[in-house]
Structures are given as C-alpha cells and as structure tokens.
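In this document, chain identifiers A, B, C and D correspond to the written order of the chains, with residue numbering beginning at 1 in each.
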C-alpha cells in the first residue's frame, strides 16, 4: 500500500508500507494484536500503521524460537559469524534509508540517525572477529592426569527489550553478540518505533532466509508492556537484556530473577561533565553542547549536569549560552538542524512539568525552559542554575535540560558527580595528569563510563558500554561483554585411572 | 576462662575461650547482642558461649569499615597481596587447630576440616599472584589522539554471608579475592559456627594489627538473620556475597537489588552423577561414595542423584550398597570415621521428614533411611530408588540421601540432569571422547561445574566455582571471578585538541 | 596485451596481461630488473612475462614505504581494520579468478586454489575484529600514584617473503595482521608465482587508492634471492616473516639478527600421522590421503610419515593402497583430479633423486615411485615402507611421498613422531581419552600443531599456525600471533609528586 | 673452613666456607674444574675460593637434569608452584645474609643488595599465583564436532646464563617462571660472583631435598665462557636465557639458533631520560641521580644519556652537579654510601679508557672523570657534556658516566632517544598529557621500558622486563613472559565421525 506522503516513499525500499504486520514469527510475518499508528514526532502526523503482537503471536514465536535454538547453538561459531557478517553487509546497502527512518520515526537529526545504523554495522564487523575468539580456557589442574577447562556455551535464547531513543543500535549491540555466541534472539522494540523494528527485522530475516536457516533464530515483536512482561516471565529466555528506566528495569529484574533468569540492564543515567580550571574551555563548550543537546537530551549518556570550577564558571557559562543561541531547531531530516523534537507529546508534557519542578526547587532558568510553537514535540534547549543537592537533580529528566553548578576542588566535584543514584557516564576536562589518573582511579568517578576531554556520550563499540548503581550494571558491545550472553562451566576431566582429591583430601 | 572439657583446650591456641565476644568492630572485640551457645553436633553438648552482634554493634562496625575502605583502596594492590600472603602464613601455623575446630563445631570429619582450611591457604597464595594481575585493558580507539582504557577499581566494601557447611572456606574464597581487589570485608558467619568465625577473624586481625592497618578492614559479626538483613539493606555494601538456600538467596537478591547493589550468589545444588555403560565402574563407585556421603551430604556439591545406564544399573548398585555397608559412622574427630553427624538436630528432623516424603512419592529405600541411636545428630547414609520426575527429586535435602535412577541414552541422561531447578555441579563417567565433548558442549550439562570421571564435589580453586539457574549464577575462587569484586569503567581520554566523534558523526 | 591462450583470458579480469610489471612501488607499477616467464606446471608452457625488481626498484620502494609507515601507524587501528575489511570484500568479488590463477600458476587443484583465497578472506574478517582488540594492559603498580601500562605499538614495516606452495594465503596471514597492527607491508612473493603476487597486490592497491591512502603502505616485489637478501639486511624492516626451507630460513634469521631485527619463521615440516589400534580406520585412511596427496605433497603440513600400530598395519596399508589407486592425476583445473603436477621441473627431478636415495636407504616402494609421462611435472603418489631411523626420513622431500612405519606402543609412536628435526604438524587417530590427553600434554607430540582424528594439514585461522624446532618457532594467523607484529612496552607513569622505588629500595 | 676475615663469617649461615665446590650436579656438590678466587671489589682482597665446573661436570649434570625433566614436567603446575613458594620462604629467612653477600661480592650498596634478593622473593610469590594460571585456550572451531585447544606445555630444560650486575635477581626472574612452567633449570652464574651462585643454589637445593624431589631439577655451575658455550650448543636445552652484552648475546643467539633452539636475550641498554620544560625539576634530578649513579652505573637500565630541554638545561645541570657533589663514595656495606666500587679492576680500566675516548670525541667533563685513590675499584661519578651524534654515545660504557645533551622539541628528543642501537629503557619528565601519550605511543620511545616521571631503572615485576633492537627482544618477569618458557601447540580434536575440512575445501 502506498504512503500518505511522498517523503515516506523511501520506506518501501526497506520493506515497509502504510500498513504493516508487526511480528516476525517462525520465519513469517504476522500480527493479531492491536493496530497502532506510528507518528512523526516533528509533526505528530501518522507515518504508517502496524499490527502489534498478541500473546498468542508471542507464544507461537517462542515455540519456534525454542526449536531453532537447538539448531543454531550447534552451528560452529565462525559460521554464525559469517551470518552476522552478511547482516552487516545488508545494513550497508540500506544505511541511508534506515538512518532516514530512524530520524523520521524517533526524531533525532539525520547524522545521528545514520550514525546509529553505522554503529550496528561496526558491531557486526566486531562480532565476526569475535566468532573465532569466544575463548574458553585450559587451566592447570593440581591433580595428575586431570585437565581443567573453562567452557563457554550458548544460553539458548536472549530476550532484547529496547527503548525508543536508540531504536535499533541497542538491538545491534545485543543481537550481534548474542547471535555469534550461539543464541537465538527475541526482540521487542519500543512501542513508538515499530517501523524501525520491522525494517531491521526484515534485513536480518533476509539474510537468514538466504542461508536456509530457520527464521525463528531471530524472532521479533512490535508491542508494549504485555509482551515485555511475557519475555520477563518466560523460562525459555535465560537472559533478558533490558534498556529503559531504572524503575521498570528493577521490576523486570525481579520478575526475571524469580524464575532464576539473568538480566543485562541498561537503565537511566545522570551524567555529569566537570570542567576544571585548567581545561581547554573551547573543547569543553563544544563537548557540552553535543552532550546536552544532541538527540534532544534523550540519550542515556546525555550530559545532564555541568560542574564548573568556580574560577571559570562565568566564562564557560557565557560561551555556552552563546552557542545555545545558535542551535538550529527544527525538522531532524533537514540539514543544519541540531535539535529535533522530543520523541512524543508526552515527553513534551514531561518537559513542561519538569521545568515547573525545577523552578519550585530553586532552579534558575538561564536559557530556554519553554516549548516551541509547533505541531511537533519541540522544546527549547535549556540551561538551569541549581544546587547539586536539589531533589530534581538526582533524577533523569529525558529532555535537553542541563543543570549547571559550581565547585571549588576536585574532591568536591567528584563527590557531586557520585552523589546521584545513577552511574552511567561522566567526563572531566583537564590537562593535568594527576587529575586524569585520580578521576579514573579508585577514588574517582563511580560511573561505568569515565571520560576525559570528550563528552559523556558517543561511546566506541570496542569498549564495554554500561553503568553502575541504578544504571543496572550491564555491559554491552566490546571488551568481554560477550560473556554475559553465554553460560560458563568449569570442567575437570580425569583421564587417568586414579582418584586424587583436591586440597589433598584423603577420603576412605 | 577454661573449657568445660579437656578436649576443647586446643581452642585456646586459636584465641578462643569458654565465653567469647562475637564482633570484631573497628579493630576491637565486642558484642552487645544475645549470648548463644555453640554445640558439638556429635553429642549436642555445649562447647562455648558467644555474645552475638546487636544492630548497634553492626552500625558501629560499618562506620569504621566505611572509613577504612578509603584507606585500603588506596594501598597498591601488590601491597594488599602481601597482607593476604601473611594471612596465608598465619593460617599455616594454625592449620591443625583450625581444622580440628571445623570438625568439632561443624561436624565434618577431620581430613575434610583440615582440607577446608587448606583451601583458604591455597586461596591466599592464589590471591597474592592475582594482586599483580588485576589487569585492565588498553583498547585501540577509533579516534586519533584518543586512548581507551578499561579500568578495574575497588568496590569499597564486600559483604560476605556464609553458611554452616563451609564455615570458613567460603569466607576464604571471597575475602582473599575481595581484599586484594581493594575492598574491606564485612563477614557474617553462620549462627551455628560462631567459634570458627571468631577464630578465623582473630587470625586475620592479627595480621592487620602487625602491619599497622585499621582492623576495620576486616569487620566480622556473629549473628543471625537480623545482621544478614542489615547487610543486605546497607547501601555502603555494593556487593553482597551470599551462600545459602535458593529461597533465602532470592530474598537477599531482591533486597540488594532494590538499593541497586549487586549479589554474588552461591545457592542450592542438586547434583547428578551419570554413569555410562562404558564407565570405569570402580572409579565411579568410589566417586559416588565420596560425593554422596562426604560431609554427611551437606556440601552444596554433594551428589544427590545417581543416573545409571540400564545396562550397568544392577552392577553399580550392588557395588555401591556394598561400600555403603562399610562406611564407618561416628565422631568426626575420630580417625577412620567417614560419616559424621548432621550439623544440627533440626537437620536430623528434616532428614526424617524427608524420608517420609520420599516414601510417599514412591521412593524405595535401598539402604539406610533411619536415624542412628546417639546423643548427636547422626543419620544413616541412604540410597533411594525413585523416578526422576518425583517432586522430591527436584529439591535439595541437605543430608546423605542419594536418589538412584535408570536411563537408556546419553540424551535422556542429560535431560534428567538438566531437569531440576538447580544448576551447580554434575559429572559423567565414560571413556568415549564423543560423550565427553558432548557433555561439556552446548547441548550437555547446564551446570556451572561439569566434570568427567571425578565426583561432583571437590573443586580446585584455579577454576571458577558456582552454578547456574537456581544456584544463583555467582562465581568464586579462580578464573576471572575477581571481576565481580571490582567495578569496571571504560575510560576514553582525549589528549589532542580536536573533538572527533565515534561512528564518524558530525555534530554542529 | 592479449594472452597466448584463450584459457588465460580470465587473467585480464584481475589486472594481468601477457606482459606485466612486477613491482608496486610508491603506489605505481614498475620494474627494471630481469624479465622472466611464468609457466604452467601442468605443461611447462609460458603463461605470461613479468619484469622483476632491481635493487634500485627495491630502494625506491622502501623509501616510500618508510615514509608511508609514519602515516599508517598514526591511523587509528579500527580505521585500519576498515581498510582490511575492504580488501576482504575486494577478494570476494574476485575469488574465483584468483583461485583459478593459483591453480594455474602454482599447480594445486582448483578447490584448493579457491580454498587458499578463501583463507585470506577469512583472515581479513578476523583482522577487522582484531583491530578493536589489539589490547594492552593496565597492570597494578606496587607504588602509590603510579600507573603501569603494557602498550603495543606498530613496528613500522613488516617484510613478508613467501613461498610458491601458498603463493597468496601466507601473504594474507601476515599482511592482514600486520596491517591492522599499524605496519606497512613489503612483500616478495615466490619467483615462480609472480602473477599471483601481482594480482593480489593489484587488489590491495585498489583499496588503498580508493581510500586516498599512500600505495606505499603495501609495497610488493617480484624477484628472487637478491630482493630477499635486501629485505633481510634492511634496517628499516624490524620484522621479517619468512616462509621456506629450514636451511634458507636459518640464513635469513642470522642476517636479520645481526642487525637486531626479528624473524617470524615458517620453515619445513616432517609431519606424522599416528594410527592407534582403536582408531576409526576409514577416517584415518581418508585423512592420510588428503594429508599426503593434497597439493601434491607440497604443503608444509603434508603428512610425510605414517605410523601404524602393528595390529592394524596391514589393514590400513591395504585400504590406503586401494585409495591411492583411485587418485585421479591430471590438470589441476579439471574437475575430479585430486593430484596436480609438482610446481617445477626441478621439483620433479628432486622427486626422482629422492626416490633413489630412499631405495638406497632400504625404503621399499609399495606404490608409485615413478614420474608420469607428461609435458608437465607430474609424479606418481608414492608410499614407501621404511625404517623410522633412515636418514632420509628426517628430511623434507617436497613431493607426494609417504613413509610408512610400524610401532607397538603409544610411547614408541610419540618418540618416532618427535625424532625428526622439524616440529610443525602431527596427528593421532584414536578413540581413547587417555591417549588424546597424553598426546596433547607435556610428554606428547612436540609439534606446533597437534591434531586428533583429523589430518596434519588444513588448519583453521582462529588458532596459531606454526611449529617448533627446525620449523622456526613463528606463529601466524589467530590466537595472539598479532603480538609478533607489534612492539611491546612496559610503561610506568608517576602522576604523584613522590618517588617511591620498586622492591622498597631506599636510595639517598 | 674458617674465613680469612671476621666480617665474612656471616657467609657460613648461607652454606659458604673459605673453599667451595661450584657445581650442583644431580643433587650433589662437586667441581673438577679450575679453582678460582672471588674478591671484594671494594678492596680487591680474596673472599673465598671456588672450584669451577669442568665440561665433565657439565655433562654429568645435564644427563641428570635431562632425566629429572621427565619427572618435573609431569608434576601438576600448582604443585610446582608450592615448591617455588617454599623457595620464596627459604629466601625470606636468609634475606639479610644474601643481600649482604650480593653487596660484598658484586659491590652494590647494601639496600640494593637486599632489594635484589627481595625481588626474587616477589617473583616467587608471583610465580605461585601463576602456577594456577598458565592458561591455554579453548578456541571456537569452524567445524562441527571439533574442539580447538591452545595448549602450553613445558620445554624441558631452560638454560640461564646471568651477569655479574644482578648476580641472583636475574636467575630469580627466569627460574621462578621456568620452574612453575615445568622446566628444569640449568644455571651458570657470572664467573666473578660464584659465592652468590652457590648460596642461591643451596637454598633452592634445600627445598628440593625437603620435598624428596631430584636435585637435578635445579642444576647449577660456577664457570666461564666454556660452560656458557656448552649450554648454547646443547640440544637438550630448548631455551637459553642469556643476560650480557649485545656482542656476546648475538653470538649465543647464533649458536642456539643453529641447533634450532630459542633464546631469551637481555642485552645492553643505553637509556635516556628526557626532561621537558614543564617537568618537576626536583623529581627529575633525584631520578637521574638514582638512575645514573645507582649500582655504580652498572645496571642494564642505568641512565646513560640525559636529554634536557634547552630552556631548563642550565637549571637542571646546576642542581645535578650539586647533588653529585654530595654523593658519598665508599664501602657498599657501609650505611650512607651511595656509590660503591665498580665490579672489577678491569671495569675500572675500561672507565679510564672510556673517559679518554669521550674526550677525544669532544666530550666535556663537567664533574668526575677520574679514578678514586683506593685498593678497590672506585671511580668518580661523572657527567659529560657531549653531542648526541658522538660515536661513544651509541655505546654502553658500564660505569657511572652520564652524557648530557640539549634539545628543542619533543620530536627531536624522541629522535635522539631512538637514535642508539639499544632499546631497553627510557623515561620522560613532563606534566602534559599530550606529551605522555605521544611518548608511549606509536611515534614515541622505541624501548621496551617507557617511563614517565620515574627513573629508567627500578622495574616492578608485574610488568614484562626487556628491550628491543640490540637489547635482544626478550621479556622477563610479569605479563605473559611465561609463554617464552613453554611450547605452544594448537590442537584440533575431531570427536565426530565426519571429516569436514577447513576453509570449506572438498577433497576427493
């Protein structure tokens, strides 16, 4: 079916139409749940319709997925890597269309939309290499004629529940690794970005089909909390990777733990940038702009708190207010715009409410603070002067609102940085080695991401991505994150005919 | 104060008397909680009295511990290793007394008591080496003039809650690693083994004092559920390592998660030994005996299920019944005895109840099944023929009761092995490579410990110890278990003057 | 220029013509050395002409390469990985033509020719992943305010001298890793396979040009010993990777060592297959066939010695003689042929001489032993019964000649396996775990490749490839082979203001 | 026999007398070579006599060692670790006597003598941990029913040839690792430090005997070049670890390579300290003093070249000349002395000759340059102003002579640093992150040790110790140095009944 607007026609190049089935179940597209509309946050007009998953769809999908898991886990890892490599190549051919869709449906500016898809491509390349390096260990045994091995085997099925702000990259982080590790993936995308969920799935499905593999290796559902809960409760899913708020994440974790499953949580952030008196101010200001305004403040790594040394407080603030003025706001698909809309009209309302609370807690609006006149969900990029101890500062307001505060010493700055429940990202601007190494050391930032002279956001895939405390503790992408997607076993093989016991025990 | 019985006098060599304070708080011994008696499970007579911790003691201890953490985490890791090395040497000098105490208060036979202490000594040696190998990574950055590091920093304080069955080794597994990783340790031992808690703590305290370090680095409490809950709820304790039942473990986990802390869980096991038709029967029988009867069936790795190939079912069973007859039961301190008492009179009652349930679910007692006439908590080593699907087989009865069952194929045996909620240990006896490698592969045992031709129990410290599913997923001792005791951060340092973004994004 | 024969016309698709310049120097093709003809070993007729490198060409190339090294080493590793990924993709588009050329110019059968190119493609994929994992370490320092790092930096230029038998795969093993590690590559291919050298280089050059990178990053020469010596002596080349005979390798090593450079040597093999009495005979026979006859016995991993347990000696031999009879010999490009020609007429003469020596040392020809009537360099696949102590058995005759010998015990078989100067590959056929684990343990095979129930040849790229003793000790492809292509530095950074010394020394 | 001087009597506490047998062969002390005297470099008077090894002694020792190797390599690594732990404990009990002997016989000041022994103790502790971590890998195979392992097995025997300047620490670095790796050790100490060789050996021998292990596991010879050559030529010694001059090292390497053995070389250094304009001058001056004067300039890591930024040239030099004046010269056993004698009278003559050459090449003596009036081998600590291009600057004069030179830019300083044949150690003093990270990066120092704000000497054992270029490329002590002491094998085990080939090749 044709699209209502001409500018949506590129969507047909990635398998979408004005009305779409939202479940990829056992290698087929279907959907027997509610029909929902997906809207463009820049104007709140409908893009297309999607039929979401019902619980019956879910059950059908999971049964097939469970069967497919037995096949997939037996395929040698390097062969699984070859499939992921092909997924990367398929994404390369549709990079621009997918990036455009991300921008259209989620609302982030086009370079960020394309960057998000590029990140999955990078993950595919990385995972291919990993497919020959999911190494276990041969560990020296203390007993003669014994061999000790640490083996890593697939879990079976990995559930991935993603959020609207990175509607496909987070799937990529998880799925690329989960797949080479030998797991089937069951994915529930955000309810407000179903087209991205469908388009991504179609690309993956195409590769599976081309290789005569069961489509159920990758099972995908558009849907809401009901499907999310089903995954959390499902004993067939040993690992649930969840991205979202700390509140929901905690609930998911308890549900999953009760059935003795595992969670990989990427929850909220409350990320600070510290600018020391010796910092490169220009570098700092540019970084804060990208970190606070990028993705309209809706990254989990968005900078929400700016800690300025008292000696450069005015100078940095002046420069920052200056660049904030120049931020072009508007259609994220239009070149030159730096700030698109918030994702939903609810987000816009939350922004309004947030500003009220900020004011009531003593926050002083230095710039912004208001909504933009528009059909879309646009708001002004906002800077607030506020005390680090205000309650509102401890929470994550998912919008381009930056709290600015002053400090005197490094110790004080680190204490403020660490004083929030969340522990995702943090950054310091300085040119002193002793500050750098203290910042990344035992008494420095307590976050999972601890940067120096770069923004809080924009992680590379080679490192492990994730945070501590209320951020949930999961790690995605690089380093040894893959271990979370496998089960470890310590195997001791006696190939002799004696039975020596560990710790030299004599029994009987 | 002198001991009631002469045979307890060796306890004075490890700092114990007939009446003891049960809290090591801020480097001093105190106790303002209830006074309890500790009894010898072989005769249920009092050994000595202990004053347990009150919540005030706890709070005082934790405040000091929290201060000590700031000091300890700044001491270079190899220097922390040197302290742990001295702890190992201190244990060496008291190996026999401590082993004897373990045997006396817990009830396991003396070689096992000494073996348990030896395991801590081994852990100390291992941790010393580790203190120069807690390595982070330098990861290639995709951006020029950027350096990416993965850093591992101390958590601060690690809470360790241990169970009666390994009253000191489990502390050793955790504390040796936690300490070299830069954490203070707060320990609550089992309520029924306070003397071991006190004696172990005295040895550690002695080393700290000798090195002019704050005693609060190692904070220790005798006490019950109240203190355990205090640890679980305490925001100052980022990691709680808990050993105990799945039920309590789940509750601890939820409490800890709610405050965004982490758990390292070592919960129940339900461990099977599979004997294939080609097995070395003699080796298998000896292994089953050690695995099922050792520590009176009170190891988390105790073999509880014996899966015999139908073709050798009778033969193995006959031999096993024969060796069961020869098991000498009695005072664990007496040489030659293989089976000591259960730890408490409650355990003995649970055994009785368990046997009733077994019978009611179709279990056939092949040997044992009864209590021993004694002042102590002795029971008969028991073999039961039962269906793998009986409900009682899915649970962990902490006693020397072995369920025997028959299978036809490897696939069936693995399915039975994996059919219980727990996933700690498992073992197969075979001489076929294809069976060995399938058993340790993706479609083999789903446990954390997957052995071949050795018992389910008796792990070496070089490997990671722990299990999947209801066993809780934690890993202790060797491999990269140390990572659980540290927080990871991904650090990207820009040392240039440009601001390139990851994924090649252009912003502004 | 057109080709003399129509069947050579596919060569124009990979940039070749009837007359070719043999040096890729500073991004341009040139050649001022001798003009040589390359011939088809199946008929000894000319395929095309190539102008080899002069020493002037070499010097010009190396100067440019040395300049390019300064640029290439500064490009972030993941960006270098992207270049290698593109090389892999370029190879994919020309897989069949390149494979065909390998078959044509080297003489191996087409499936092996294509397999060789596929191996480079696999290496590219592997190297891309590696480009984000060339990890250094952060090592705990024993000194406060000190940070210890292990850094891995590029060497600068890696020289690669390859042999005729794997005219491009060995380049691939080295170049893929060397390039992501940040090194320029200078390659001298075998003098008898210049077309492969040129075609491979053209593909790589195309990718460099497309990315606006200096062509000199990959510098390539057709030529003989003179150019090889120039590389060995060149101080600008910190690492020389050499594949060839032990004799020449030793000389290269001495030359390189004298200027304090490093070598990565892949020299001769003398690889044995042991068949135990419990082996799967059919599997063993098929493996021996592939290992002894494949690539006409010209792999470094070719099986040259077959050790049969006395109890199955006759049975295996009978079956082997039977399958040898069925080996189809002929044009390697023709489907169905298993045995192509030897690479040169000299090789054929060496085969003749070798057979004479074998006979003179008591060898009994069981099958083969003669030349084939042909314009090409075909010889008969040969099996010889001979004593393990015969001198000729200690040497590598690069032809399809298999020495068969008898043994009684595993110990004896391992002794024979280890009794030759070379230590590349080895394999045992057995179904007993105790044999398998002894074979791969401290008193088993002393080779770099130690297989079980597969041939001596056909390594996967995920493992490290190479051998011990006279094989030279180098390791290529997977595992941590990349470390050989980088220089390691141990960096200790003091960011405090004190000067504590290691080992607690007090100075002054 | 009693000692000539009372102050030598402590030597009897470590098993020495006035006349000693210099070979520990097959668990017994003997010696049939020349009798030599060992002298005190502080007064050139005899300490004691030693009977060196003859070639017959050598052969007898090696035969026993070769037999012992078969036993030792089969003892599980953690049990070998326990032996090394006991060696560490034995050293602890004799720390002061051994340190005193090092000071007496070698000539370094007492704190350095004790520090050297402490380093072996640290190595023992480290090696104990390592004994449970000599891990191989389980690598994913691309073939179904195949398992790929990377195994590390002992080499058999490791030859260790050490130099006078670290007469026991270098043995410790090598032997601790070699032993836990499963190798026997054959040690030849420096001809001028036989008492240390004997005393160290006695301690090790005592531990072996106590554990009922063959003494031949540790075989030790006092002797000169003849014994060194015997080791280099001996096919029973797969690895020779040699510490000494580049010239001799090169010769050893060629001898060892000719028999296809391996070398681990620690050869000469020519180590520079760079002081940038922003450096902490006081820290730099103290570091240069320790690095240039410590061990009388006879460490391989001694600072020989001081590169000063022109802007701080005079200031640093003035301060340095000031502290040089205060250096107390005298008996190394006397408290407060910082500079002991050179090791031999020959060294003293070489110093004299060196000063002449320096002058003839334009060097200007700023302080020192002369011999001290004394019976011993004392010389003045010397600072020379000289051009970085002078020939003499490229060589290692093993004495306390420091060349000072001026530079303008970091680039220039790094070029000078890298302009010598040697590549052992280097250090920069700066407080700028961009300088630090460039210095340790691809275009920084080309040495194996690259320090920041600490001296060139005084390495910690947790890192890898060694250097590039003429320094020989070996790495000792920490990181993965242990791999050099083991042989690696890549093992692929087929446990299925099919024969799939790598790279998807179809054969036959």
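Note that in this section contacts are C-beta pairs under 8 Å (C-beta built on N, C-alpha and C of every residue); 3 or more make two chains touch, one makes a residue touch a chain.
Just so it is clear, the model here is predicted, and its values are computed rather than measured.
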Per Cα centroids, the chain farthest from subunit C: B
Chain pair with more C-beta contacts, A-C versus A-B: A-B
Centroid distance [mean C-alpha coordinates] between subunit B and subunit A, Å: 36
Separation of mean Cα positions, subunit C and subunit B [Å, integer]: 50
For subunit A paired with subunit C, centre-to-centre distance based on mean C-alpha positions, whole Å: 43
Two or more partner chains touched - positions in subunit B: 74, 78, 122, 131-133, 137, 139-143, 146, 149-151, 433, 436, 460-462, 478, 493, 495
Parts of subunit B lying in touch with subunit C, wherever the complex brings them together: 74-79, 131-144, 146, 149-152, 431-433, 436
Touch list for subunit A against partner subunit C, complex: 78, 81, 85, 122, 125-133, 145, 147, 433-434, 436-438, 460-462, 478, 493, 495-496
Residues on subunit B engaged by subunit A in the complex (per definition of touch): 70, 73-74, 111-112, 115-116, 118-119, 122, 137, 139-143, 146, 148-151, 153-154, 182, 246, 250, 253-254, 257-258, 260, 262, 280, 283, 286-287, 289-290, 294, 338, 421, 436, 440-454, 458-465, 468-470, 472-473, 475, 478-480, 487-495, 497, 499, 501-508
